[in-house]
Each structure stands twice: as C-alpha cells, then as structure tokens.
Amino acid sequence: MDFLSDFFMRFGAQLQSPTLGFLIGGMIVAALSSRLAIPDAIYKFIVFMLLLKVGLKGGIAIRESNLAEMLLPAAFAMLMGILVVFIARYTLAKLPKIKVVDAIATGGLFGAVSGSTLAAGITVLEGQNIAYEPWAGALYPFMDIPALVTAIVLASIYTSKQRDTTDEAFSKQEYLSKKGGTLVKYGGQQDITASGYPSEQGSNTDERVKIWPIIKESLQGSALSALLLGLALGLLTRPEPVVDTFYEPLFKGLLSILMLIMGMEATARLGELRKVAQWYALYALVAPLLHGFIAFGLGMIAHYATGFTPGGVILLAVIAASSSDISGPPTLRGGIPSANPSAYIGASTAIGTPVAIAIGIPLFIGLAQVLMSS
Amino acid sequence: MDFLSDFFMRFGAQLQSPTLGFLIGGMIVAALSSRLAIPDAIYKFIVFMLLLKVGLKGGIAIRESNLAEMLLPAAFAMLMGILVVFIARYTLAKLPKIKVVDAIATGGLFGAVSGSTLAAGITVLEGQNIAYEPWAGALYPFMDIPALVTAIVLASIYTSKQRDTTDEAFSKQEYLSKKGGTLVKYGGQQDITASGYPSEQGSNTDERVKIWPIIKESLQGSALSALLLGLALGLLTRPEPVVDTFYEPLFKGLLSILMLIMGMEATARLGELRKVAQWYALYALVAPLLHGFIAFGLGMIAHYATGFTPGGVILLAVIAASSSDISGPPTLRGGIPSANPSAYIGASTAIGTPVAIAIGIPLFIGLAQVLMSS
Amino acid sequence: MDFLSDFFMRFGAQLQSPTLGFLIGGMIVAALSSRLAIPDAIYKFIVFMLLLKVGLKGGIAIRESNLAEMLLPAAFAMLMGILVVFIARYTLAKLPKIKVVDAIATGGLFGAVSGSTLAAGITVLEGQNIAYEPWAGALYPFMDIPALVTAIVLASIYTSKQRDTTDEAFSKQEYLSKKGGTLVKYGGQQDITASGYPSEQGSNTDERVKIWPIIKESLQGSALSALLLGLALGLLTRPEPVVDTFYEPLFKGLLSILMLIMGMEATARLGELRKVAQWYALYALVAPLLHGFIAFGLGMIAHYATGFTPGGVILLAVIAASSSDISGPPTLRGGIPSANPSAYIGASTAIGTPVAIAIGIPLFIGLAQVLMSS
Amino acid sequence: MTQKASKLVIVTEKVLLKKIAKIIDEAGATGYTVVDAGGKGSRNVRSSGQPSVSDNFSNIKLEILTRNRDIAVKISDLVAAQFFDDYSGIAYICEAEVLHAHKF
Amino acid sequence: MTQKASKLVIVTEKVLLKKIAKIIDEAGATGYTVVDAGGKGSRNVRSSGQPSVSDNFSNIKLEILTRNRDIAVKISDLVAAQFFDDYSGIAYICEAEVLHAHKF
Amino acid sequence: MTQKASKLVIVTEKVLLKKIAKIIDEAGATGYTVVDAGGKGSRNVRSSGQPSVSDNFSNIKLEILTRNRDIAVKISDLVAAQFFDDYSGIAYICEAEVLHAHKF
C-alpha cells in the first residue's frame, strides 16, 4: 500500500512537467483543427539539434568512462530490439484481420527508438536531478538497428514463403486467364491497372535477405547519422565550449517545441489509424509499457551486476518503450514495401509515442525511485 | 511648454532603440532591392516563438493575478476592436473612389492586432523598465476577434443589400442579353470568361451571416492559436524552467529579426499600395495613432478606476494602433472575398505597422511618462 | 629548428578545435552517403545571422575607432582582391585544357570572400584569446567586390576579343552553310537545337563592360547585404543589448552547424570537380595558402606601419585565403555566363574552403604567434 | 491498354485548396495532384497576406485527370463560378492517356 | 524546327525518386524534371513517415520527355510493375513538341 | 465556350526567372505560372551556387499559355537564343484549351 501510494504520488507529480504539457497541448491544438503549423525545416532542424547534442554529450562521456560498463546495457538494448519484433510477430500478427507483414513492420517500429522520446526522457531526468550515465543515449543504435533488421528479415522470409505458395496456385489461374487476353481485367470500365504485371517481378529471383544493406540504410538515416556524428565529435574533438554554450542550453527549449509537434502529429495520424484494424490501437497502448517493463527488468539486472545507475535503467526502459517516428518509417517503407504504412505509422505516432512519453516516462521514474532509491 | 519639451525629449530617445533600427534597416535594405531574404520557415517560426512566449508569460501571470482586474481592460479592448471598424466604415468608406467593402476590410485589419507590434511594444517597455501587467498580452484576442467579426458582418450585410438592388436591375438586362446567346461576351476575341456564371451563385440563397464560424476561423489561425496555446500552457502547467531559459532570452533577438522582416515587407508592399486609391495611404498614416490615442484614453480610465498600470495602458494603445499582418489577412480574404487584398494588406503592412511601431510606441510611452509618472 | 617545432606544435593544437571537427565531420558524413540534411532555410538563416553579427560588431567598433587605421588594411584588401584574379589569369588560365573564362571565374571566386571562413577565423581567434580589430570583418567587401568586378571585366574583355576573331571566321562559314537551308543541323536525328541562333545575340552590340552594375549586383547579394546592414545598424543605432544577449552567444554554435554544412557540401561538390580538368584541384589546394601568405605579408606591413594587430593580420590572411561560397557564385553565373560553374564552384567549395579553414586558419595563427608574439 | 483522359489544370490562390478539393471529390474525380506555384496574371496580387519578401509562391496548381471530359469541365465551371469573381485563377484542359493507375 | 515527343508524367511517393531516376536513365531517356507535389488518390496515405502536420507534400511529380513513345511506355511499365503494387502512383502520357533542348 | 491555346513549358535555371519573365511580358503573353523544380539533363550541373546538400531543386519550370502558337514559339526562341548557350534548359509546347481565365 505504502509502495503504491508513494508511486502514485510521484507519478502524479510528473504529469505537471512542461514536456508533457507541450505534448498534450499539441494534441489539443490539432484536435481543435487549428492552422498552427511548425515549418518542416524547423522540425527537421530541431530533431537534428537534439540528437546531435545527445551524441555530443555521449561522446564526451565515453572519453572518460570505462567502456566495459556499457557492454551489458548495450547487449540488453540489442536483445530488446529483437525481442520486441518477435513479440509483435507472435501476438499482434495472430489477431484476426491483421496482415502478418503489417504486424511485423509495426513490431519493427516499436522496437526501434524515437529520438524525441529519448530527449524527453533525458530532460525529465535532468529536471528531477536524477543521475544517469551520459553515454546512455548511445544505447539508441544498439536497440534501433537490430529491431529494424529483424523486422525486415522476418517480413522477407514470410513473404517469400507466401510467394512460393501463391505461385503454384497462380500458375494454374494464369493458364486459364490467358485465354481472356488480358491478365487483369475487372468489369467493363477497368481496363487499365496500377502495376500491369502483378507478381511477375519476383518470379524467378532468388532473394536471400541481405542484412548489411539494411544496417547501412539505418545508419545513413538522418536521425542515427546525427547521433553518431555527435558521438564521434564528442569522442574525437574537444567540443565542450560549443556544447556548453549552445547545444546544452537550447536542448530543453527545442524539446518543448518538438513535443508540441509530436502532439499535433499524434492527432493528425489518428485518422489514419482509424482506417486499420482496431487491434493496432490496443497494441500501441499496451506495447510501450510492456516493452518498457521488460527493459526495466533487464536494466535492474545491470544495476545489480555492474552498477548501472537508476537513471540509466530508466532511459533503457524509455527507449524500449519508445517507437520510432522519424528514421524508422522510411526504412521500413523501403524494406517491407508491402506493409501498409497507415498501420504502423498510425500506431506509433498517434498512440505509441504519446503513451511512451506521457505514461512511460513518469511510470519508469516512479518505479525506479520506489525500487532503487535505497 | 515644459510638457511638450519633456515629451519630445523622451520621444527622441525612443528612436535609437534597436527595435526601431531593425525595422528601418529592413525598409532600406528592401528599397535598395537587396536580395537578402529571410526564409519563410524562419519567419513563421519567429512569429510562433514570440506569440507563444507572450502567451506563456500571460498564462503564468494570470495564475497569480486577480482576474477581475482584467475585466475592464478586456472590455475596452473589445470596444476598440469594434469601434475601429465603424470608424473606417464612416470615414474611409465615404471617401471618393473607395469601394465600401475594401474600406470595411481595411478597418477590420486595423482593428485586429499585430503580434509583431505587440512584441515590439513589450520589448521596448522592458528595455525601459516600465512595469506592465504580464497578462496584458492576453488582451490580444479581445480586440482581434471582435474587429474581424465586425468587419465581416458589416461587409456581408452591405453586399447582400447591394445584391438585392442589382438583382432587380440585372434581371431586366438578362432578359435582353439572352437573345444574344451568351451572357458575357465582350468583343470578338473575348469568348471565354473568368467565372462563367456571374452572380448566379448567390442568387437564391438566404445568407444570414453566421458569427461563430468567423470566431472559430480566427481562433484557429496560427497567430491566435500560438498565443492561446501559450496561455493555456502557462496557466495549467509549470513551464517556468523552459520559459526562463529559452523563450524569454530569445525573445528580444528574434524580435529584432522579425522587425527586419516587417521592414522589408513594408517596402515590398508599397508597390501594391500604390495601385489603390491614395486615401488608403492617408488612412494608414493617421488611423494607428488615432486608434492608439482613443485606446490610451480608455486605458487611462482603467488606470484611475482599477489601477491598470501605465505600462498596461501603453500596451492597450499599442495593440489598438497595430494592424494585423499575419492572422488577419487570410481570415478577411475568406470572409470578405470581394474586397481587394491590395488595399488592406498594402495599407496595413506598408504603412500601418511601421507607423504603429516607429511612431506609435515611442509616442504612447512618452505620453504615459508625462501623464502618469506622478 | 626551434621556430619550426614551435610552429608545428601550435599548428597541431589548432587541429582539435571544434570548428575544424565539425567541418571534417560533415565531409565524412556526406562521404558515407548519409541522408542527414540541414534544411536550406536553416542554412540561409545561419549565414544571415553570422554575417549580421560580424557587421553589428564591426559597426559598433567603428563608432569608437579611428577610421584612419582602417585605411591601409582596406587598401591591401582591395589589392588582394584584384591580384588574386590576375594570378589565376596568368597561371591557371595558361594550363592545358583550361578554358580562359573558366579560369578567370575561378580566380574571381577565390579572390572573393567566404562569410563562413571569416566567421570560423573569428571564432578560432576568440577561442584563443587573440585580439583583433573588431572592424576587421568590415574588410570583407573591400576584397570581395574588387575581385568579382575584376573577374567579370577581364572575362568580358577576353570574350569580346574572341568574338571578333570568331566572327570573321564565322561569316565565311555561314555563307557556305546557308545553301544547306538550316544553319545548325548535325546528323539526321538532331534537328532541334538548344539555342537556335548561335552567336546572333552578341553580333552587333557594342558591349563596353559597365562596372557599376557589377558592384551593385555584389552589394545586393544576400551575404554582403547582411554584413552591411549589420554595419549600418551597429554604427547608427545602439544594438548592444540585443547583440550581447542574442547574436553574440549564438555565434559559435551556429558556426559549428555551418561548418558541418560546408563539410557536407565539400564532399557533394567533389563529384562535380572530377568532371573538370584536374588542374582545378591543384589550384584550389595551393591558391588559398598562397593568397593567404601574400595577404599575411601585406598585413605585416600594416602591423609595423600603423599597428594593425596580429589578430587583424591573421583575419586579413584568412579572408584572402577564403573563396566565396554563397554570394560569389550567382554573381559570377550572371556576370560570366559562359564560364562552367562546375569548375569554379567545385574548386572553391570542395577544396578551397576546406583548405582555407582546416589548413589556412591554424597556419596563419601559428605564423602570427611565431612572428609577432614578441 | 491505355485510357484516354482529360487533364484539367487549375492555377489559383492557395487559400482555396480545401474548398476546391471538396468540389473535385464531389464531382466524382478519382484524385488530384497539387503543387505550390507562383505566377503572374491579370491581377498580380497573390493575396493571402503571406510575406512576399520571404515567399513568392502562394498560388497552387491543381491537376485533375478524369476519364470523362464532362466531369473536368464541370469541376472547372463550378470552381470558376464560385471563386473566380473574387480570386485569381485560370483553368485549362489538356488531353492525356493514363497508362497506370490504382483507380481510374 | 520542332520535334514531336511524348511526355510521360509519373506521380508517386518521394521515397522512390532515386530508384525511378535509375529506371529512366537506363531506359535511354535524355533527362527528367521533378517537382514536389501533394495529392489525393485511391490510397490517401502519403507514406514516408514525414510529419503531415508540418509537410503535406510528400509526393513527387516526374516528367520525362521522350522522342519515342515506346520508351515512355516502357518506363511507365517498369515503374508500375516494380512499385505500384506497394506504393501510391499514377502514370500518364501527353503529347508535346520540343522546341529547344541541349540534347534530345 | 473554350479557347484553343498553346502551352509553352520552359525548364531552366532559377537565376534566369526575372529575365525570362521580362521576355514573356514583352512578347505579349497574358501571364505565366512557375514552380520550383529539380531535374537531370545533358548538363547535370544545376549552377547557382546553392548548397546541393540542402537544396536540390534549383531549376524552375515555367508554363505560359498563349492564344497564339506564334507567341509561344517566339518566347521560346528568344529565351533559347539568349540563354541556352550558357545555361541548362529545355523548351516544349503542348496543346491546351482554356476554360476560364480573367484575361486571355
């Protein structure tokens, strides 16, 4: 009882943070169909600034830290990235009316990491003076890439299996339809088609999924590039003056604007989410917290094993709870083209991210304070 | 004599402020047809930042203030918004070669409020350490919306009356021209037309002006949305940390850039203004000061009645003097489509705003110091 | 020996500066074909902010300084601008496979000044607490404009001479080809042409190169406009509050982002440079340092003659070493349309700017410390 | 296997986008494409209050492919009747052949 | 002295730009022009994960002039076969006459 | 009640916009529409010194509707003669029918 009341009090306090306020403000503004819009250039620049700063701080920190400490958390991050996709594969994908590729792609996006959620987590921690390993932000790619790779590989295996099955069935049908002249002809009016030659493309190619191109594609995305660039600059040069006078002081403020955008975006994507099966909404509501809890547990193991700080444990849980909103979607659009982007982007942006930020962050902080404050 | 010399000395001192310098600098740069351009994304972002900050500060202030104090100034703001439109209706609209709808729209724009002028006023006040009610910025919508609504309603009433008169005349003409086959045919070449079916649209619709859609349209505009969002966030969350470290310190600098843009814009719009009757230029020169003086008088009533600060009186005069440059024009374009945007945008942006900032602000400050410094 | 070891130590220390780190980081990021991109609006805004600030500081400084001091350095800056073009005309243009107009345009670009390199020089000086005349930034136009004017004039003279020669040859050929019906017809397929009427345009026009339009064109460019606007505002208004709280603190940080962009740009332009004769690469490698050394020498004369500070000497060398990347190219594209932009933009952006920043700045600082530190 | 189509092009003020999109939908067209545009016409006012210093492109160009010329003309007529008295705009039609489409 | 040409227009998702540019090159077209576009079609998903609040225009419109109608049709067929199962897109052809070009 | 028209399309470098606009005006066309464009042609240099990292679209596409084919050809010829020696560019003509215009 004491545990619970303590927890709820702390949880409640979090709800007043400006970070959350801007997120919810954005959701409401968009819901009232305001014409307020933050220009795309500003949005991209803010994301760049935030991730560069996380990278710079991480790089500076790594210079002075014992890298061995990072090993266990990094391994757990990788594990989480892969695990999340398999969870989606064996839960979401099994639900009625859910296309398997859509479910896998959704798992990939929820396994991947959101820079804005990570930045929000860091800001809230700093607002509460909770210490964390400054290199914790560098766990991002360790979870992000494995999640995207796993999703794309799983989807490719699944679709190539499917195709084999269909091909057999199809070759018969083709035989029949050939007499009719045109392969695809529905009704009198419909005499042109979108793709013209369905399924011909993949017919006789042996497509083994290549993993390296997927990793490269991820690393080349704008979000990871900014983070890794920051890491490298922090590690190899002496950027402290510019970090302390520019990137650091602007961080919190830029984040508040990003939260506003994410909130507006969440509302805007809700419509898209409505067009797909409602199971996506349920998944998007539950998955962030579930993933966060698992990662929190893994983090606690690292806490007791190698002294991973409570702040670090919280951040690990936060990035696990987060779902990618910037870098993930285009990678998945290219990697699993047959998946419906409305399903995964809707689920992630409209529900996953708000849940991770608004519920996840305060939840994991409250939990850490109760469980590790000794 | 002493009064005047004192006043002119203070007025002169204002002219050296950087705010004004950037405004005039922008005007000159554009007049020399420099290719210097501030990207549109930056412009929109600056306006957003400034209005959000005004809102945040206002919201934080309202938390701790006696809302009853706001009542009288808010009522005066509403009064001013409505009054300004009627002034235009019974002065500008009566001048020769002036279309009534154009005059009403111009009145609406001058009654509405300019975020940049408001921000300039606040910055100058702070530069001079003149205290003002922090919620004074929240008077914005109380003047802005009534002005736009009044203008659109007046214009609708006017045009529907006009149409009734024309319709009678027209039905005869139509009868005659029908023999000719085509309704609209000028000369041999001119066999296509812009609208095709003139006046048919409004023929048998009973158009009572609906006020709520106009208010909604105003509130949903980007400027008011940003201000109200800031107000709500300031009121309901605890944004002080991010306001103090981000929005507040950037305010003055961002304003200087906005002043530059407004100056460039003023020069650019001068050409448009030249195409309409010169009365618009005269109106745009006189109206801001006249409106400011009336509002100043009302503000003084509030000063003596409820202790409205001199700074507050100045800001009330400044927003009355200001004419909308961001949110107003699209609302009017939609609400009074038949009004010529060259008339009202030219008058407001090319002359109204520079006059309000460059003459109005120092004038009202000087006045306040002389009249209320006791 | 002592001299050299001392020099190399100081030179080495410069290589760790964040300015350089971001430049190289950008080059690498682009080389790894990352999709990281800084929006164009941000890029333009940063350049504007940096040059405005250099201008503002310069203007404020000029208010309090003895303008006579500026005379000699300004004269040397002009001399350098002109000299650089003639150097290109009598070295680069004489190399095999090099078109003369291309070489002249390249000389113009290398004689002109880069705002980003200047800003980098100032930042590094300030990081090292090396004093410099705050008006040194105002030397920019004194070198930039003469270089562009000289290049355009030289190219015009050259092309009009060429045309006279060709015209004679051509008139005969024309006579012959007229029988064939079409003037320009290569092969059976090629019956349409790009320009249709080759050389007809310039036939009977007496084109004396007008210098004033070129100067005006330069002054109206966005970079020079921002600098001169800042100068004027610094000189005539009292912008100190906004400079100290906004432009100054953001300078270093914005520069770091600009360096990143310049680095990415350098890599991106390398491909273009590869398409032109390799001599451009060699020129771009050697010229910045050569120009810098000459200017350094001239600066030392001013140092001993009128007490020009070592920091001022370094900045003079840096702007001489710099090659224009923002304002120069469009001016040259318009002024010498027949020159191939791939040649000059590639040489300047891909190699010239990185060399000036990464080698030039530390080199001249080291040199100054060794030669003038007494 | 191609399909003759009419391509209606409307260049007009950006503020009208939503309203015209509704007309297009209601007329039964299967879609439209829109790009930001600038331009000059009889009124060289570009309205909308956007700062022209920072952004000159406040026209839009809409392209609507229809199987049936009548639908295109109908959309054009409706748009012109409703807006071209008060707003800048031009509407013209070209011929096209649709090769591939998801729904046309 | 003009040259009859076919103008192929493809409106599709921005993510495909590089891949389609490659197809165009390989098919032997001499060039293409591309503009940012928005639009509405059968799927009104605009993909790519870009925040629609801040940017609605994530389609592109490609225009390819070819001397030879067959090349245009071939490009269209290849693009449609490869992408239109999974991505939004429409392709149509118009007639044009090239007046001036550097290489056509 | 439509009006046959020629639509001239010019794709060229952005720096030329003002100069070409002047030629269009002087040739007596009633207006033009311009959009930002990118592209690839024989010279794939896009000039103008804009950072290609941050902005790839430095072509413009101009469309000019003229009642009279000759005016279109004349504009095209003038633009080509004056600029296409030194600048990237292509010009072509299509047929169109103007349905509604303020002045055409």
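Things to note:
We call the chains A, B, C, D, E and F, going by the order they appear; numbering starts again at 1 in every chain.
One rule holds in what follows: a residue touches a chain if its C-beta (ideal position, glycine included) is under 8 Å from a C-beta of that chain, and two chains touch if they have at least 3 such contacts.
For clarity, every value in this text was computed on a predicted model and none was experimentally measured.
Among the remaining chains, those touching chain A as well as chain C are B, E.
Counting steps between touching chains, the shortest path from chain E to chain F takes 1. Interface note: chain D and chain F, two copies of one sequence, contact each other through mostly non-matching residue numbers (shared numbers fall below half of all numbers used).
With centres defined by CA atoms alone, the chain at the far end from chain D is C. Taking C-E and A-E together, the pair of chains sharing more C-beta contacts is A-E.
Centre-to-centre separation of chain A and chain B, using mean CA positions: 43 Å. One finds 31 Å separating the Cα centroids of chain B and chain D. Shown for chain B are the residues in touch with two or more other chains, namely 37-42, 193-196, 250. Each of residues 2, 35-36, 77, 80, 84, 89, 94-95, 98-102, 104 in chain E touches at least two other chains. Listed by label, the pairs of touching chains are A-B, A-C, A-D, A-E, B-C, B-D, B-F, C-E, C-F, D-E, D-F, E-F. Touching chain E in their complex are the following residues of chain C: 182, 191-196.
Every residue of chain A that touches chain E in the complex is listed here, in rising order: 30, 37-40, 42-43, 193-198, 200-201, 261, 264-265, 268-269, 272, 325-326, 328-330, 333-334, 337-338, 340-342, 345. Per the touch definition, chain D reaches chain B in the complex via residues 13, 15, 45, 47-55, 77, 80-87, 89.
Interface residues of chain E facing chain D in the complex, by the touch rule stated above, are 8-9, 11, 35-43, 57, 59, 61, 73, 76-77, 79-80, 84, 88-95. The touching residues of chain D, when paired with chain A in their complex, are 1-3, 67, 98-102, 104.
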